[in-house]
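Here the structure comes first, spelled out in structure tokens, and everything after it is commentary.
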Amino acid sequence: MSYILQGKKNEINRQSLIIDIFIWAFLILAALFILAPTIFMFTASLMPANDILKMPYRWIPKGLYLQNYWQGIRGNDGSFIYIRNILNSLIVASAVAATTVIFSALAGFGLAKYYFKGRTLVFMLIMATMMIPFEAIMIPLYLVTTKLGIQDSYAGLIAPFLVNAFGVFLMRQYFITFPDEILDAARIDGASELMIFRTIILPNSIPAMATLAILTFKAQWDNLLWPLLVVQSEEMKTIPLYIVKFMAEKHTDEGAMMAVAAIASIPILIVFFKLSKYFLGGAALYSSRKG
Amino acid sequence: MKKLFTIFLFVLLLSMTVNAAADIEITFWTHEDPNRTEIENRYIEEFEQANPGVTIKRVTSGSGQIQELLLTAFAANQGPDIFNMSIEDEYAYIVNERLAPVDFEAAGYPSLQAVYDAYISGVLDPATYKGQLYGLPLELTNWCIYLNKKAFKDVGLDPEKDYPKTWEEMVEVSEKIAVREGEILQRRGFDFRYPYYLVSTVPMVEQLGGQLISDDGKTAIVNDEAWLKFLKFMQEWGPSGKNLGSPTYTNARKLFNMDNNDIGMCLTGLYQQGRIRSDNPDFYNSGEWMVVPFPVFKNAVKDVPAAYYGHYYMVNGQKPKENQKVAWKFVAYMLSHPEEYLTKVNIVQPTVELMNSETYKSMPYSEVFTNDMAKGHIVYYGENSAKIQSHIREAIESVMLAGVSPEDALKTLKRKVQEVLDEG
Amino acid sequence: MSKRIPTYNIERKKARWGWIFVAPTLIFFSLFSFYPIFNALYTSLFKKKLLSLKPPDFIGLSNYIYLLKSPDFWNSMRATVVFTLGTFVPLLIFSLIFAIFIMSRKRFQNFFQIAYYSPAVLSSVVAAVIWLIIFDPRGLGNQWLNLIMNTPGIDHKWLANSVMVQMSTMLVYFWKYVGYFTIIFIVGLASIPHSIYEAAKIDGANDWKNFWYITLPLLKPTTILVSIISMLQCLRTFSTQYLFTQGGAPLAPINVITLNIYYTAIRDHRIGRASAMSIILFVIMLLFTWVQFKSSRADEISY
């Protein structure tokens, strides 16, 4: 009898071992595939352009060809304007992240915890804006921006993105599950709505706000189309514009191109790694609050 | 004393406001070209010194972006004072009356006719509309074939004698020079200047007897046989034919300067020399490159070289009159240095004086360019040239890359270009 | 009677606060979303060219009629639908699989999440530039595929062949966003309390039954969320196709609607027609979302 049980156990163990190995292999191969292009960018940025398109690709660069980085930062006109452009991206992305979090929290809170006539309609309307393709409104937006006189400025880069529907949605979802009892208790104690918002809601929503902030920051960092329209001078360009400009100028020098791309990516990769605990699934988002 | 002081202060303030009123800022948008940026920045300094109260702000953009930037700016009535683009892109601005006519007085000419006289006959026509002149040429460019002598010698050819004179020879020579790993081209012989089809490929069709638009401007795509021959040729050139090149490889002219043994020939203009010189002085000085005329089909009906195109400096008509005046004065100041534009940037301003100068004649291979330009004509420009070019691009790409038959591609092309013409 | 008035006042007060909280956002959307889309709707009824200083001609629905009869427009629809389906389906499936696999591991969960998510952090322009080099005939794309398929020297024409170029754009998009949706699924998975699984175990359920009858149904809201967001994102794709065509790829196979709108406005100056196209796209997106919502009530779920 025990032999049979042992046999069955072994079989199950072997089966689960095979499944185990399969899962590991799957995950590891997928990780390799997904990481490869980024690694490629970094290794290629350290090679002279001639080596990058050699067949087969030598993953380990022969030496540290830092001229690429020098060329990338210096720019083809030697003006080092890239540094200013990086700063612009940082300023714009941070500002948009900040305003989005505040406005989304306000609106999400209002939609989640307050019952007023037309609440559903307002929510639907806001969600509908997610469906408006940017290309549809880019020209009217541009006209609004120039009427306000804020083209080619930080204000012009930030204004259309002060808040977005996804942020409102995210915060609303988060607040819906926030226990009402705490809020009512605070009201009985005489706290005003604003105080409740500031002292109870906000401090307890850090994970959600951080997530939203990071996602928004990244989306703005990435934005090509709007800056393409609204920026008219070298100084106000953001990183994507600089890359596109650089690509047009020195399309062949893949090494310098990759260096420019690497420079654009390093800060955001660092921010991402440092703040990753905020939106890695599994623990952070839910365990801190749910009983 | 106090009264004197007050008067003094008042006069000081008054003078300041007067100066402030006289302060004019001119915005100047152009495409990037490091060599030209250098000299034009110097002209700006000199002009600002000679004209106190004027500041000029120069902004460069990639040549792919400037068209969009100018369009959106003008659509919001916020265009810059001065700008330049290729005439096919600029024409819409002329026709939509967005521009200020050339102020010949500010530009230093005694009369409008004097302006025309200073330039080679015909080159100012594309910028002339309803009797007014709207632009002054920054450059007039045509393209010829640059070849890398080393690539030729490498396959046992003598560049001086064996360079391709016909498109059929071009195919043969490119085949010899091509080096492949399997299907992948490691070294190409010649490759086309995708996607500038109006300038580089419409003349090829004209060599075969075809036309883009009929002479009366009403019919699109004339002479089907010529167009079919041309489309078949491009199909043969591409990956599904002899696999000599394709739009998806890196641009030939951008590889050429590097002299990296990956391209034999490219199609580009006189200005390329300046870029070779700055990108790769050793290659430039080695003499291992030369320029030959645009090839012609063996049984060509007409001898047509690549079309030439021009960039014209233009001035925004929606800016105040003062701005327009200063803008034209500055444009003329810049353009008063044709020899420097030629030697430092290698672009040709089609002034009578320059074309006859020693400087021009002594530029390497300038006579190849001059001869071809004399035989050629200006690129098709019209309000919808960008759209037409994109249709041509689609036709060529569909036969080269998508396996569409030349007959079908031609049918689609005809229909689409005709539609553009009819819609107006 | 006297009991009712205080509550009524509190409710009114609360309702007012609701409006106050929502107001700034609403004002913003009015100026930067609603006004422009109505403006676009208005413009779509005219024949307007961007550079023209003359007043535009009112042509009613002519732009729409033209588009619905235009093969070029239908090509864009095709390109968009193909891209959307070809991207969001694999995205959905693989991100779910990755999420489940990762959660089944006891270690390296964070490493995998970070690794898979990292491409989403890069800007689209950076991604396009990298992949343009990878898809170069001499680049990694051919090298790797030839290695795997043991076909040395074959050029798979990633950017040249019309079928391949569509797959290339889908591949780039997939690469960029699979990690993002994996994390969303992980969050969804993590929010399923362990107690349910324990109860099921007592009832004798095994892993497969667990997955099918507990996990999947409880993941429904997350799945819907992922579908809608990924589908909307795919319908709005622009940068990848734009940068690939700038880099030499043919336009027709990947001329998605957003790219078509852009070129119609910016290259052809036909802002009236471009606006009509945008309105059509907007309506399509509204429809898709509404259908998704209807066919499965999302929102909250209770255990």
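Quick notes on this one:
Note that the chains take the letters A, B and C in the order they are written out, and that residue 1 is the start of every chain.
Note that contacts are C-beta pairs under 8 Å (C-beta built on N, C-alpha and C of every residue); 3 or more make two chains touch, one makes a residue touch a chain.
Values in this document were obtained by computation on a predicted structure and should not be read as measured data.
Seen from the C-alpha centroid of subunit C, the farthest chain centroid is that of B.
Judged by contacting C-beta pairs, the busier of the interfaces A-B and A-C is A-C. Centres computed as Cα averages put subunit A at a distance of 40 Å from subunit B. Centre-to-centre, using mean CA coordinates, subunit A is 15 Å away from subunit C.
Each of the following residues of subunit B touches two or more other chains: 64, 68, 72, 75, 181, 184, 186, 250-251.
Counting partners per residue, subunit C has 50, 136, 138, 271 as the residues that reach two or more other chains. Shared contact sites, meaning residues of subunit A that touch two or more other chains, fall at 55, 139, 143, 244, 247. The touching residues of subunit C, when paired with subunit B in their complex, are 49-53, 72, 135-138, 142, 146, 152-155, 157-162, 246, 248-253, 263, 266-269, 271.
Chain contact summary for the complex, subunit C toward subunit A: residues 11, 14-22, 24-26, 28-29, 31-37, 39-40, 43, 50, 98-99, 101-105, 109-110, 112-127, 129-131, 133-134, 136, 138-140, 143, 175, 178-179, 183-191, 229, 232, 235-236, 238-239, 242-243, 257-258, 261-262, 265, 271, 274-275, 278-279, 281-282, 285-286, 289, 300. Of all residues in subunit B, those touching subunit C in their complex are 64, 67-68, 71-72, 74-75, 92-93, 96-98, 180-186, 194-195, 239, 246-251, 384, 386-387, 390, 393-394, 397-398, 400-403, 416. Of all residues in subunit A, those touching subunit B in their complex are 49-50, 55, 76-77, 139, 142-143, 146, 151, 228-229, 232-234, 244-245, 247-252. Interface residues of subunit A facing subunit C in the complex, by the touch rule stated above, are 23-24, 26-27, 30-31, 33-38, 40-41, 44, 52-57, 103-104, 106-107, 109-111, 113-117, 119, 122, 125-141, 143-144, 159-160, 162-163, 165-166, 168, 176, 193, 197, 218, 221-222, 224-225, 239-240, 243-244, 247, 254, 257-258, 261, 264-265, 268-269, 272-273, 276, 279-283, 285-287.
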